[in-house]
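The letters A, B, C and D name the chains in turn, as written, and every chain counts its residues from 1.
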Amino acid sequence: MDKTLPSLTEAVSGIPDGASVMIGGFGGSGSPIELIHALIDRFHATGHPTGLTVINNNAGNGHVGLAALIEAGMVAKLICSFPRSADPVVFTELYLAGKIELELVPQGTLAERIRAGGAGIPAFYTPTSYGTDLAQGKPVEVFEGRPYVQERWLKADFALIKAQVGDRFGNLTYRAAARNFSPLMATAAKVTIAQVSVIGEIDPEAVITPGIFVQAVVQVENPKQEETLNRQKAAYPC
Amino acid sequence: MDKTLPSLTEAVSGIPDGASVMIGGFGGSGSPIELIHALIDRFHATGHPTGLTVINNNAGNGHVGLAALIEAGMVAKLICSFPRSADPVVFTELYLAGKIELELVPQGTLAERIRAGGAGIPAFYTPTSYGTDLAQGKPVEVFEGRPYVQERWLKADFALIKAQVGDRFGNLTYRAAARNFSPLMATAAKVTIAQVSVIGEIDPEAVITPGIFVQAVVQVENPKQEETLNRQKAAYPC
Amino acid sequence: MLKLSNAQIAWRAAQDIADGAYVNLGIGFPEMVAKFQPPGREAIFHTENGILNFGESPEPGEEDWDLINAGKKAVTLKPGASFFHHADSFAMVRGGHLDVAILGAYQVSESGDLANWSTGPKGVPAVGGAMDLVHGAKRVAVITEHVTKDGKPKLLDRCTLPLTGVACVTRVYTSHAVIDIAGRFILREKLAGVSLEELQNMTGAKLHLDGPVLDLNVPEV
Amino acid sequence: MLKLSNAQIAWRAAQDIADGAYVNLGIGFPEMVAKFQPPGREAIFHTENGILNFGESPEPGEEDWDLINAGKKAVTLKPGASFFHHADSFAMVRGGHLDVAILGAYQVSESGDLANWSTGPKGVPAVGGAMDLVHGAKRVAVITEHVTKDGKPKLLDRCTLPLTGVACVTRVYTSHAVIDIAGRFILREKLAGVSLEELQNMTGAKLHLDGPVLDLNVPEV
């Protein structure tokens, strides 16, 4: 078994128009810049993929990574908890012009919906959002005297995530708080593609994402960090 | 902050009659023998606690640990997935005599109910047990054309678990497959008491159970292993 | 009467497991399937209690009793192994991440219902992970004797014992035949020495034909 | 008119955090509370993006941008820190494991409703983790100016802005007072230089008394 792939180009080659794509990271921490840029490269070369539904906590920052993907016009819909950003204004402009769809989800509900998607749980109840606009249209049930909102699982065709060490079985570790949504997304996507700094052996006790959840591993030895790029005012391509 | 306690006796001293107690371990792997025996010691000394509801995957093996707790007559109800065992026959006898209550739960549902208890999810839907006797009386709902059974969270007053390394903040690591239910139970109990082989520092990346889920840590330097005890035909006290 | 041994049934089931497949084998008889992986193929075995890519039992005396499978047998680790807790383990099961689960059976119905956890109200009921496995793995197969010890059919129009799962089994490997289930029993392979009529007489629902019935050829193992 | 600075409001809120408490501080203004832990007390701070027991910002130039808090600011680690993924992080929140969450507010109602995520249908809505925090932590407190920039009450009989949560806030620390919420506003402390009448005039619902009203004494910080 060898899930490693030789290139980013090959790693993202199978993502079609209209696909749903979970992208790891919280702000810049854990954002798989190289995978996203490879996807934008492919769009510039072939015109595809477009019309993507992207699941991420945010709407990107600056002009790299997810923000660049949105700027390129490849994203039809965003599912996230916090799309507000001072820079870029591209999401804001597209959103206010009605050119990009937004599904706003509380952060913990977003995490739990993704976990549920990966764990075969089609629906669950949470106190979160009860009595708010974000609960509108959702079933409410009372358990032990307290009202809860029914939320549904969230799955995707692909997940693009950034990890620290990966092995040929697809096992992964992460670095510090760059872990965030990535282990969940790996479970909830049909095809999970991980960029890793290091390909090497992992102690079975140290594995965070077991390989069963990962279909492809591609090495990016010194990955770019979104926050650092933005402080350098970098823009795609970079 | 220092969650370490000096003795097993002190660790189990607050468990009252009628308490619900999650006990970690799958068979003998991860079974906190010393904590359980300290609880039986207390019962022999004081007559308490009795009438416990115990949550574990099994009903114990041999005449040590959970099996000894049941033999001592301290358990009123067992919530588990697989209570069948060739030895001891004590659970079987008590059960058939109607002297111990059994709530049988599929193993994955048991794990998920405990996780839900720790995660503030009062109910969730699973395909597991649909159309079987174990789904009787539970709500069924169809999602995306497939029927699912509604299951409820499971919480407890106490969790007794066995870990490998613990620190004064309550952070824990486990050893091999001894991990099993313990990280879940730690989240779902009001008071989680962990016996650990080693008290020492843990790399933040290596923490399996963050200290927020643990209220007490007590060192048991060379813990007994249930399977080994049973092969030696040991019996409580030992 | 001519029939396959348990090892031979396990061997036959093992031939259908692809290289790199993630597999859960039920406790007891199904565990035997792991021994018969065809040369050049390597499946990755999952156990409910939190290990991926475990291997065979260690030598006697070498057991680490924290390193066991769901049947509580001591196992070893293969390269690429990982540990995880029970909720993650059953996320793998329920979430559809396993390619195949191979289980034993008391009874299987032509609609794919499985009964393998309870022989009725007597004794202590125990279910373990079977009810999760049958609704989780992409493919659920059963290995079993074709009939009970007293000669009664185990393949039925409707299960009479308490169900483990509804419409979940898609293939049954028996001591006499390989049968697919798609709302009905479809005979795919049978022992050459057993006639279709004999097989039908051992089976509690109609055996349908859909394409050729191959000889069930299994080596001595 | 006399009022507390933001730092002073944060100082006051910090005095109610017990030694060893697990605490989540909202993005922005509430983050300031961490600076004012009383001597001898050490709270453990949680951030939604997966760290327990993080510490202050590193020196400029020393930032590790994989080590940030929910406000995307670089942080450091304290002894006993741990990393975990987002589902585990919100299990801590939703599961009631945090002792206190301190959040900012646009409006708070006398029934404990909080509005702090949306100022209406204009612009891009963004909610983050606030809706989870208000229904998770054992105690949800708010720190806020007593009135808006144009002098309108923020403490109301009913919130007019979109709600973050219903009946969730139990204490409000304002620029002028400390108020408990138990189906009504109960005044606990107020600046000595502000009369009850003045305070009531700045407040959009009745201030109730239940025991003595202490002077709100806060040092220059």
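As a working rule, contacts are C-beta pairs under 8 Å (C-beta built on N, C-alpha and C of every residue); 3 or more make two chains touch, one makes a residue touch a chain.
Just so you know, these numbers come straight off a predicted model, no measurement behind them.
Peer 1: Out of curiosity, which chains are bumping into both chain A and chain B?
Peer 2: A chain counts here if it touches both chain A and chain B, which gives C, D.
Peer 1: For the interfaces A-D and A-C, which has the higher count of C-beta pairs in contact?
Peer 2: A-D
Peer 1: Between chain B and chain C, what's the gap in Å when you average each chain's C-alpha atoms?
Peer 2: The answer is 30 Å.
Peer 1: How many angstrom lie between the centres of chain B and chain D, each centre taken as the mean Cα position?
Peer 2: 36
Peer 1: At which residue positions does chain A touch at least two other chains?
Peer 2: 112, 115, 119-121, 126-127, 174-176, 204-205
Peer 1: Could you pull out the residues of chain D that touch at least 2 other chains?
Peer 2: 51, 83-84, 87, 90, 93-94, 135-136
Peer 1: Okay, what are all the chain pairs that touch?
Peer 2: The complete list of chain pairs in contact reads A-B, A-C, A-D, B-C, B-D.
Peer 1: Can you list the residues on chain B that touch chain C in the complex?
Peer 2: Touching chain C from chain B are residues 26-30, 59, 81-84, 91-92, 95-96, 102, 104-112, 114-115, 126-134, 174-184, 208, 225-228.
Peer 1: Using the touch rule from the top, collect the residues of chain A that touch chain B in their complex.
Peer 2: Going through chain A, the ones touching chain B are 112, 116, 119-127, 141, 143-144, 146, 148, 152, 173-176, 204-206.
Peer 1: With touch defined as at the start, can you tell me which chain A residues reach chain C in the complex?
Peer 2: 1, 115, 117-121, 167-169, 171, 187, 201-202, 204-205, 207, 210-213
Peer 1: Touching residues of chain D toward chain A in the complex: what are they?
Peer 2: Touching chain A from chain D are residues 47-51, 64-68, 70, 72, 83-87, 89-90, 93-94, 113, 118, 123-132, 135-136, 162-166.
Peer 1: Okay, in this complex, where on chain D does chain B touch?
Peer 2: 19-20, 22, 42, 44, 46, 51-53, 77, 79-84, 87-88, 90-98, 135-136
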